[in-house]
Amino acid sequence: MKKIKVGIAGLGRLGKVHANNIAYKIPNAELTAACSIVPEELEFAKAQLGVSDVYTDFREMLEKADIDAVAIVTTSSEHCWQIEAALDAGKHVFTDKPLGVDVEQCRQAERAVERHPELTFMLGFMRRYDRSYAYAKEKIDAGAIGKPYMVKATGIDPEALVEGAIKFAPTSGGIFLDMAIHDIDLMRWFLGCEATEVYAQGCTFKHPEFREANDDETAVACYKFENGALGFVHVGRTAPHGYHVETEIIGTEGSIRISAVPEKNQAMLYNHTGAVTECVGSFPERFDEAYLLEMQEFIDCVCAGKQPCVSVYDGTKSTAIGYATTEAWKTGAIVKIV
Amino acid sequence: MKKIKVGIAGLGRLGKVHANNIAYKIPNAELTAACSIVPEELEFAKAQLGVSDVYTDFREMLEKADIDAVAIVTTSSEHCWQIEAALDAGKHVFTDKPLGVDVEQCRQAERAVERHPELTFMLGFMRRYDRSYAYAKEKIDAGAIGKPYMVKATGIDPEALVEGAIKFAPTSGGIFLDMAIHDIDLMRWFLGCEATEVYAQGCTFKHPEFREANDDETAVACYKFENGALGFVHVGRTAPHGYHVETEIIGTEGSIRISAVPEKNQAMLYNHTGAVTECVGSFPERFDEAYLLEMQEFIDCVCAGKQPCVSVYDGTKSTAIGYATTEAWKTGAIVKIV
Amino acid sequence: MKKIKVGIAGLGRLGKVHANNIAYKIPNAELTAACSIVPEELEFAKAQLGVSDVYTDFREMLEKADIDAVAIVTTSSEHCWQIEAALDAGKHVFTDKPLGVDVEQCRQAERAVERHPELTFMLGFMRRYDRSYAYAKEKIDAGAIGKPYMVKATGIDPEALVEGAIKFAPTSGGIFLDMAIHDIDLMRWFLGCEATEVYAQGCTFKHPEFREANDDETAVACYKFENGALGFVHVGRTAPHGYHVETEIIGTEGSIRISAVPEKNQAMLYNHTGAVTECVGSFPERFDEAYLLEMQEFIDCVCAGKQPCVSVYDGTKSTAIGYATTEAWKTGAIVKIV
Amino acid sequence: MKKIKVGIAGLGRLGKVHANNIAYKIPNAELTAACSIVPEELEFAKAQLGVSDVYTDFREMLEKADIDAVAIVTTSSEHCWQIEAALDAGKHVFTDKPLGVDVEQCRQAERAVERHPELTFMLGFMRRYDRSYAYAKEKIDAGAIGKPYMVKATGIDPEALVEGAIKFAPTSGGIFLDMAIHDIDLMRWFLGCEATEVYAQGCTFKHPEFREANDDETAVACYKFENGALGFVHVGRTAPHGYHVETEIIGTEGSIRISAVPEKNQAMLYNHTGAVTECVGSFPERFDEAYLLEMQEFIDCVCAGKQPCVSVYDGTKSTAIGYATTEAWKTGAIVKIV
């Protein structure tokens, strides 16, 4: 079996997840290089991942490392130039979401991808690879709900982790850019259509720090799609019960709802308060398997010389919608999406 | 519309439920007389039910009151002679469960019922009239689960009411006679067959008072039926979450389970402990509607000159099985049911 | 026990439900008169409800009938003048929703109610009396979810009944006036605050007849409230699984969701397709008990000389919001609510 | 990181699962040898697992292969002598369940384990490592349900796979030895106590082939434990909805139930039949992750020089109980467990 040699860039919380998967959980991949500007992260690569070929400079890794592909899990603002550099260096590229921090950057990435049709490019919208979401898509494609015409998506971070969100708020770009990108991608994916208009509102009732940072704790957005379909996104940061991601796709003959109760596992506790289902605590817990499955898909695509279902254009589109939603939320006006 | 005139005997907790239903919730019935040896209960009848024709003697009510039917909700040991007296006095009879406290009494009631085929007789196995149980029976009769071959029944009283159970334990006849009669009836009803053998065990881990009264806190019984089908009953008295009645009927093509979560209503609370469904607190709460529906069925049968689906023989059979189960539980041996 | 004498106006589908409840299910009420312009409905009153005192003219019933109160279940456009006439005739008034078909009518009703503080007036927002909704309100008032700041409400009629909706579409006033009034009331009730702005959209993917009637099959609206809280309403007419009413109230410390699965009862069927919960088929089935409980509340308020929690102003406010939502939906613009 | 070198014996369906996990999913393990008497399985090892060091003789693998540990996934009747041989050859041993096919064999394995306290031995009761079961144990150990006093366990194979079960029936040893070993282990684990008595019954309503092979389609057993606790096991082979494994542990302060609905994933489909949850189709699907987690635990124990929570005595005890249950089922009598 041919093993794809991968160099990882960025070894923060999510970078470590990806690196572990590449190093230990994917039969046809091996992690052969790592790049980070954080010394501890390179120590981690050596000690925990068995990677001795480490770099502090991304371009140097591209030049010198023995790699077929790179996995980019750096700060969002670095994604696009790194994508371009890697592709131009002949490397297959996996990059975590978002594609870029603005639409111009995304276009730059698009052009790089278009220059290199011989290379596999994949954007890390891992929810599409989650067992429940993939099942929903398969069922919908098989006609189980007729023609899908509405998506209602909810994504709320746990109150338990709100301190981090408060700290990050001043530079997050606002709640929609920070939190809604997966929901936006899912709407487009399930409806098979593009959004044309958005209305949004937000509110802050628990942690005034969000408002002080010109951000919000909770926000909603309504979308109109080209074919008349509708979308609704609700994002928040203060779910007391855990990490609540729920999605409903409504069609002419039925609907599918994913995790109305974001159950931690299949155990139910009956006690003096009633019948209690404990909930998942964070996105790495909820999407643990999806992160592995998406990386497996990337490696398999590289091996097969194919492109995965998530394209670079999905990145640009979702970023554009994220910006339009942010504008709608800030101005209170209806914003056309172009 | 002809209204059936009913006299009620017994106005304890459940008697009050029946009396209220007859007086106020059943269009074709009216409560015209009441009998009780408890003065407060007769005061209640006058003040709350508008019944001025009250008695302390059951036979006197039969003789003097202007009634077409009687509803017997007295102490279990009085049921059978009251049934006989009422039928012989030409009154239709509804009696709460159990039919009698031993099989000999039940046979006496059987003979009285057989003497009066012109009168309606009904035994109060109200679970059969509960919306969910009636739905299950209808589905099963329509073939939804193929041939039913196993019933698993659970009935656990709430820990919140355990004090009463402890007080009652010395005279309860044991946990199976006290608690399993409905489950026994349901097994027979759903399987359409009679039990031939029983094995039973019990245990007491929380309230030693039960053992001191030669009773148990929790008990299970396994049944074999004539056609080879199986039954399992689990009764208990210490459910911390509320009143837990759950029944599963398993057939060759499917199964139906009723109230795995004995939800209080359709609200779910998401809080720091997870997703919580509060549970019903007691049998009057759980079977509130079933008590009304069974009495409506009795009155409708009286009007139509028909017999309801619960016969006097269901009473004898369930009592016989209750005794056999009690013997099995006391002796630890397998007991044949005749 | 004093019995309140009630005259009913209108004996259509819902009128029959109310009439039956008054006649047979409420101890302290009696149905003594009925008014309808449909001869068959008056025949029904005589034959099924035992009401011989019937009228074809509402004002004549007010003058001649021996009644303390009237229950108005006529065509929506008749509600307000009938409310006024009844109050001015000294009768307590229960009226089904909506209060009136426009805000001017509602103001007329308001003035009549204000003229008669000695009389009980109640508007039939029965969902507030549903066991699950009442439980949610009680929990929220007790602090179970902290400060409520968002309501997400869904109300979808069953596809099985779509023919009636299509027929009614040309005169329904549009999907929001037709369907969203309960959801609007619930938002206001749970948030304890008034809406100030609305954005709405609709779509039609299954039955083009709705669009031909300038109506929609499905629609959503986003609301902003005075205190910054948010509301979202999703209404539709084509749920294949039944009558889907779901409501979520989100607060700073938790949330409550009512009927994510609009279960028909507590039975679950396990068959070759999986674990299946059958759903309720229609609003009378879903809110059967709520219709009784709200009427009981009305009668109890009359007896006690009190006003129920649903006031005439709730009717005006919800109607005003319904109109604003309809304008938003028709124009695609953000509409301020005054 | 030190990698434990593992040789696998047996590469049937479950052997392949274990081999893949060792080869590709466990950072601190590598699969360096394989043994099978089936030529295709050795081809598979070479082609799919990259293992070139293959054997047809188990003892030869022990002698010649460069391995620290062996994973035994052979036919049950071979387990015990292979365990002994491997331990005596200085290898750590993981063996799939059951420990052996009779109690004498198990004792032989016990003695071998006792001779080699320096080596890690683990028995593959993977359910203990399933996320939900492990969570339940942790909660129980933390006191969430008080003192556990009853376990109700259900394990039903899918009707979709019944052909294989029918073929295997004549040599399966009967439904309890074939199917109940995991449930028996879970009862002992959760109750922390040994069973002393068993009563069992079976029935066959759908596939008479089971009875013709002196086996049953469905069976139940009741257990009494040393401390008075109770156990109930229900096994079957014809679940139309999929692979149904459900376990309830009941304690003095609460209970925990695992997978009342054996959901395939977190998606729910609302269609014309209701709200439908698709179920898992087979044990490899249900316990996919548990197989990985148990092997990871084995390897981690080897690295740390520790013993896992599942001991060789758990194997003997569960086998002894399986035999006693089989005797009870065959004779219809109560059987003491020694």
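Of note:
As written, the chains take the letters A, B, C and D, and residue 1 is the first residue of each chain.
Assume contacts are C-beta pairs under 8 Å (C-beta built on N, C-alpha and C of every residue); 3 or more make two chains touch, one makes a residue touch a chain.
In this text, all values refer to a predicted model and were calculated from it rather than measured experimentally.
A centroid comparison over C-alpha atoms places C as the chain most distant from subunit D.
Among the pairs B-D and C-D, the greater number of C-beta contacts is found at B-D.
The mean-CA centres of subunit B and subunit D are about 42 angstrom from one another, to the nearest whole unit. Remark: subunit A and subunit D have CA centroids separated by 37 Å (rounded to whole angstrom). Spacing of subunit C relative to subunit D, judged by their CA centroids, is 56 angstrom. Residues of subunit D in contact with two or more other chains: 240-241, 253-254, 257, 260, 263-264, 268, 270-272, 278.
Residue ranges on subunit C touching subunit B, taken from their complex, read 1, 20, 23-27, 48, 50, 131-133, 135-136, 139, 144-145, 253-260, 262-272, 278. Contacts from subunit B toward subunit A in the complex involve residues 159, 239-242, 244, 261, 263-264, 268, 270-279.
On the subunit A side of its complex with subunit C, the touching residues are 146-147, 149-150, 152, 199, 201-206, 218, 220, 222, 224, 228-230, 232, 234, 236, 238, 240-241, 250, 252-254, 257, 260, 332-334.
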